[in-house]
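Both of the next two complexes hold subunit A, though its partner changes from subunit B to subunit C.
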Partner chain A sequence: MSTASDFRIPVRRGSIDWSKPVFMALVAFLAVLVLLPLSWLVYFAVTDQAGKVTFANFVAMATDPTLRRPFILAIGMSLSVGALSCIIATPLAWFVARTDMPGRSFVRIFVTASFVTPPFLGAIAWEILAAPNSGILNVVYRSLFDLEPYDHIVDIYTLPGLVFAISCYTFPYVFTLVSNALDRVPSDLEEASAIQGASLYTTLRRVTIPLVLPAMLAGSLIAILQALTMFGSPAILALPAGFHVITTKIWSLFQYPAKPNLAAAISMPLLMFTILLLWTQRSILGRRGYTTLGAKSGVPRLTELGHWRWAAWAFTALVLLLTVVLPYLALIQTALTRTVAEPLSLASFTLDHVRFVFFEFSATSLAMRNTFLLGLMTATVGTGLALVTAYIVSRNVVKGGWMLGYLATIPVAIPGIVLGVGLFLAYSNSILPLYGTIWILLIAFLTIEMPAAYQQLSSAFRSVHVELEEASRILGATRMETLRTITAPILRSNVIATWCFVFIGTIRELSAMILLTTADTKLVSVIIYDLNESGDLGAISVLGLMLLAISFVIITIANRLPLFGGPKLTSLRG
Partner chain B sequence: MSFLELSGLSKRFGPLTVVDDVSLSVERGHVVCLLGPSGCGKTTTLRLIAGFTTPDAGEIRIDGKVISSKGSSVPPELRQMSMIFQSYALWPHMTVRENVAYGLQLRKLPKEKIVSLVDDILTTTQLAPLAERYPGELSGGQQQRVSLARALVVEPQTLLLDEPLSNLDSNLREEMRFEIRRLHDAYRYTTIYVTHDQSEAMTTADVIVIMNKGHIEQVGSPEDIYERPASEFVARFMGGANILAGQVLDERTVDCGGLKLKCANAGHAAGSSVSVSIRQHTIAVTTQRPTDEMNWAAGTVVRSVYLGAHRDYLIELASGERIRAVTSTSNPVENGQAVWAHLPPEFCRILTR
Partner chain C sequence: MDRRAFLATLLVSTAITALPAFAAPVVTYEVTPELIAAAKAEGTVVFYSSLDVAVAEKLAAAFEQKYPGIKTKVERAGSERVFQRVGQEYGSNIHNVDVAETSDAVHFVVFKRNGWLAQLQPAEVAKLWPETARDPDGYYAAFRAHLSVIGYNTKQVKAEDAPKSFADLLLPKWKGRMVKAHPGYSGTIMTATHALSQTLGWPYFEKLGQQRVMQVQSSTEPPKKLAQGERSVEADGNEYNIFMLKESGVPVEVVYATEGTPITIGNGAIFKDAPHPNAAKLFYAFMFSKDAQQLTSDVGGLRSFHPGVVEKPDRTPLSKIKLLYSDPQKLDKEIEAIKKKYEEYFGT
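Moving on to the complex of A and B:
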């Protein structure tokens, strides 16, 4: 019998517990990351150019019609986007999830494609297609009916045009939520209604739709939120049309002569709207427990549409044609022909734009280097920070760890352009002169990507049984050894997936960057915006297609990984 | 001095006191079972011993040294303990051999030494042919043995088991009970075993600790607990007993709604409200009117079930209360027939309510 003194196996000796210092450092870092720009924003909003406390900015906002109008237009535009997204996405989701419509499995691929497309690129594609003079659709229309040069059937430079161009890239939010909800509606609920004598239509109206209503509402709210906070599409389509929305107005206040105080003040209501929308969306999804009810109730029943399936198919085809196929074709054609209106053929084919972008235009190589460098840095640092944060929060490592979770989630409620204003104000002064360096961009990207990365990894942690870690601890491993040898390897595919999504999110970000880049720190997304100002659509198409190709490759890799939790595409933002 | 001592241990989660002033001494080399219904605080007690949580009051000592007290606790990795988890907690990204070798690698043993120690334990637990498999490729019983091997290879002073058999089917469970006891007898580590299954506790433990609502109801040998329950809760939890409410008449006699029972134990004041427990299988049933009244209950059979080895009667007494009696299969009694049940004094126990 062995006693404590004659163990053959040596006993481990104590080592330093790093959890407290790491925790404190993270809290400090995240607090600076999130709270510093917000405090500067508030400070600027309530002061004037000279730094004296004043409410003049808010008074101006209420009285000056050039400031009031953008609010009204933006709210109208966002609500329309929410409604249109819901109208497009709900039938589509039902066809795909619950009917025998032909070609269902392809729809999800196309919707993913629409998801991945940066909205500003989509807006440019629609510019190519539906500008009143040079738009391909209008050119074709004129040549078909032999009309005058200024006749057109569609004009994208209008408020309805803008609503349409944005909805093309927000409807996937509604689609994803509703089709997931439909997947979870147990078919016995519908069968129970059918057995009571209800017709297909009655069952749909009385049972199925009420069950997915929360998902429809929540999805529409995200679409509204996206539209409200989006900078790229309105800047591309609303400015030529001669009106402003909130985001473009904020941007214009930074053009000469800059009025940062007013811009900060205008940002406040936008921030409030965002918080309100997110809060509403969460309470809708959180309260209705029945949206996730009966997940194990077998395969959902497919409704047989009969002859209507071709009508459904036509609707689906039209939606996908307008949102994905036509814009992509427009980009490809513009990238490979000399002039936009020329049809793509052997004679008009040219690699001029490709050569120009990659070899002649000096700004591109710098922008590409910046973009990929920042993508790599943000993805690596951001995933690492999110991993440690999610670990500390989900495993209750230290008292008060939940605070970190909140800090990491706050940025989700800060619209990109507002964050841009805050960061500009925080880091362009003499205390922290980071403006003009790529570090301010790194800070911006880290802030923007933190919520999604944290959310993904903390749901991954929830899928790993805490006993796996405890088993390692009791056998003699410290916290850090356990994180390194057990937790991180088990979560490897989740970590890689998070890395990929952060990377994609970074290379397509425009809203926050538009105020933060300078000539030396240009990014591909900002270059695309600049080129649009100068009307160089061929070069834009080449750059845009390159971004898309990279995104698709990375998404394909990430989706091939065997995941425990499964990544969520909703983590992308425009 | 005992090897492991808990004194005045308490743990609260928010407003809920999960472990309430628990004191316990465990001798070196004993198997102690913490037994109780779910939510009784047994698992939290085990996690306090392991060091995964810190107590709100009280302390834990090993060999006289304090390892846990309010606000300070030796981290789990320095406690020289091993643990077997309900989920087995095998690392899915490591083979059986890597799982088992992990603890030894942390202790920086030379490679050859690790290989030979791992080979030894894999042979003992009959896992040698499965060494290169991943946990996902093993059956429940095999996973359980890997978890056992992984815990034992580091030669812990203390082995903690958290419902280790609850995920196994019943045949395997029986086999593993004896396996756990056999390995314990071979290595003589101190074992704390958490379970909600009475028979599991009976077959493995030297000492059983019955817990209820965060406190200890009774500590004793399996025989103590089963034969001489200290409270109504223990009697009910161990099962197989009828519990009758009554008033103490004199030292050893209790009046249960007209039925007078002479009991085996004393110690309750006359007039106090108590319960009397009697095991179902100690009750005799007859259709003949007895000559005596003491410890005889008159009633009617309301249900009779033939179970092969014995017969299970449900008898409604004159007072309206129902008792169960498990008897031999001879002399069957029909439903609705009047019977007399004999509750032998030597098996009737007076319990505090």
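Moving on to the complex of A and C:
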């Protein structure tokens, strides 16, 4: 017997393939997460206040111009945001990842700053900067050229103003995806092109851009969807201008006397529009193979820009000035002066707003605690779920895996405010009494963040060649082991990026939360919104800057922790 | 719960099946040492309010100072948000709120009709408040009143050029230079819009809508836009915010229009299922005490029904202002129509 044990073949640990049960559990979980609020919405859309089946809501939508107009404006707005984000972010990403532009290493920090900034906070900062009369930029402009009051150079309370203010905070989606993709474009392809005599421009057009096109599209798509379902920025900038987009229109339908049925019906075309977008993206990407990371990889080549370096630098500086530097300065000034109109000086300096936020405003500390607790929980659980989902879908682990992809993407089409109502209805009855607890907020956050997390990780999976995983499987590892020991480490930077995406997404989420928070489950974003509605810009600036500071700390820690492979992060990029 | 009833209460629609109102006699109460002790044992009071956030926090701080050991949680939002939140919570049997106050008198008509209020009246209210400023059945009472006024930035507009009436606001010179709040969001503005639509008629709003008015939400905001210098004139907004800004040295001024000035009654009440019933009673009584009423007048610029309150000398007393009233019972039925017309003229 002793000889037998000496020669025992090593038992494969975890030799049961867990992928089936994991798949089933995921399907069940995502289905509940997504379909429960969604079915409430559909039910609401086709019924009236008394619960009778009716199509009156859709008839109203088709005939009432006050309902049609917000659609046209919202779609125009979000497509413009997508285009503008792509135009800003793609050159920026190329400069940073593949050229010798001076100051490249700082750009990522600034882009992170822009990404961390909640769009509604950015919109408020741009109100301070570019309101037609009191905006700092306009005040400076008037004093420079000695002009009359009300003469202005920029007006943020317009549709282009709104597009600009949103794009400032959606372009990082495109930037991150494109620069990650550029990091992975093997230089041998570009060199091959150069050897064949192609100019820089031709190489860019024929080799580099096609290789990063999926990332550009995926990024722009996220930007479009973000803009389409965004509530805060339009509420802050479009309402004063006297127009509605879909989300603000839906929000106004919840004012007394509320019309939830009409609101649900309005969100149906939005849902279809989103599905159409996703389908388009899928069919474009489906045509070509874009695998760029195989077992062997070349080092990316830096392009020498020559004199163009400074043009690139100027473009980058302008973008960062407009999206980060000026808004932050505006918030700092507002936090420290009595009223917004005064320039910061010894005479106007005050700590009143700081004192108010920390010592008089009773909601502050509770809201901070809730916000960061939920941020950590959502980021961890959400990234894990998205990783497994993206793996199952992209590697065709089980039959019907594609369904998971759709389930995980659907919430993107539901405007936060409508999702808030769906969730409220689903979890406030006696079977699932979660309203008033932070668990309903966790569910809401997971649902909202799932599409972005899933999109990020699945586009990462698409660019990792399956050959590495196959090698692992041939050597006897199960799927789950392969995922843990091969795929996840390769995707480590993507996983960390996703974790951060979700965390940031959570602390800046506003629209769904407006209907779900209570006195005990307050969030910083909601108290900022409440303060904005009463025009307390000083207190908002203090709270906003605090939110930003803490987010930076968390991201820095996440990037440094050896656990997350911090130091190896850059080498992996090479 | 029956789904229909659930939805109805959730959305506080007008279709609510009202609980039968029992004509029980008004219950008045005094602040006794027993009440104070019981309130301290509960330790917390939750106050939903649409007061300007700084005023609400000061009121809470004054309460905490007078009765140490009782923490006041202030939930500040616009009137309509407070109303929506209470409706949502009571609809799903969540009893978070002890005491609420909003600046839309319709809300308390609805709350009372739903049977959500406690029938409790502080002795001070019973003794000192005019009958028109309290519910005859003793469910709620007027914690405050305030006006929605025209106002202007004195740095940008000279006193002699300032508008004197609502008709003046329609002059071409104010095009693109005005700010106003929204009746769908602000109870004050809903009340004011109702009163003005009866006095001036809808053509006034139709013409005002062509003046490229900057549209904000809360009635606390137009005065802040004046202070900021973003717009020179407010077509409506809280009088008390202008008082507060003016008294801190900001160049803003109030105009009492020749046609009259809309007044808003802000009621308060204790909720029947208050989680801290004794702290609620104590806080509610405190709200109507002379100290609290004087405080909200001094720091908040609010109008009080307490006869003992002395207003700052430079404020025009209510008796010298021509007031325009809106009947909440009538307004309740017209909200829908007002919002529709408003969107037609102003775009949102």
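Remarks
Going forward, the second predicted complex is superposed on the first by the 363 of 574 C-alpha atoms of A that agree within 3 Å, B and C clash if a C-alpha of one lies under 4 Å from a C-alpha of the other, contacts with A are read in each partner's own complex, and residues count from 1 in each chain.
Operating definition for what follows: a residue touches a chain if its C-beta (ideal position, glycine included) is under 8 Å from a C-beta of that chain, and two chains touch if they have at least 3 such contacts.
Here the structure is a predicted model, which is why all the values come from computation and not from measurement.
When the two structures are aligned on the shared chain, A:Gly51 is found in touch with subunit C, with no touch to subunit B. When the two structures are aligned on the shared chain, A:Phe356 is found in touch with subunit C, with no touch to subunit B. Contacts of A:Gly306 after superposition: neither subunit B nor subunit C is touched. When both complexes are overlaid on chain A, the residue A:Ser134 reaches subunit C alone and has no touch with subunit B. Shared-chain residue A:Gly197: touches no atom of subunit B or subunit C. Set side by side, subunit B and subunit C differ in how many residues of subunit A they touch, and the one touching more is C.
On the side of subunit A, the complex with subunit C involves touching residues 49-51, 66, 131-135, 149-150, 157, 239-244, 248, 252, 254-258, 260, 338-341, 356, 360-363, 424-425, 428-430, 433, 435-436, 515, 518-520, 530-531, 533-537, 539.
Residues 29, 50, 52, 63, 75-83, 85-87, 89-93, 102-104, 106-109, 150-151, 154-155, 157, 160, 187-188 of subunit B are the ones that touch subunit A when the two sit in their complex. Residue ranges on subunit C touching subunit A, taken from their complex, read 1, 3-4, 6-7, 10-15, 46, 48, 52-54, 57-58, 60-61, 72-78, 80-81, 83-85, 88-89, 91-92, 94, 96-97, 156, 176-177, 182, 184-185, 212-218, 220-221, 223-225, 227-232, 248, 250, 335-336, 339, 343-344, 346-348. Contacts from subunit A toward subunit B in the complex involve residues 1-2, 4, 7-14, 17, 465, 467-468, 470-478, 481, 485-486, 489-490, 492.
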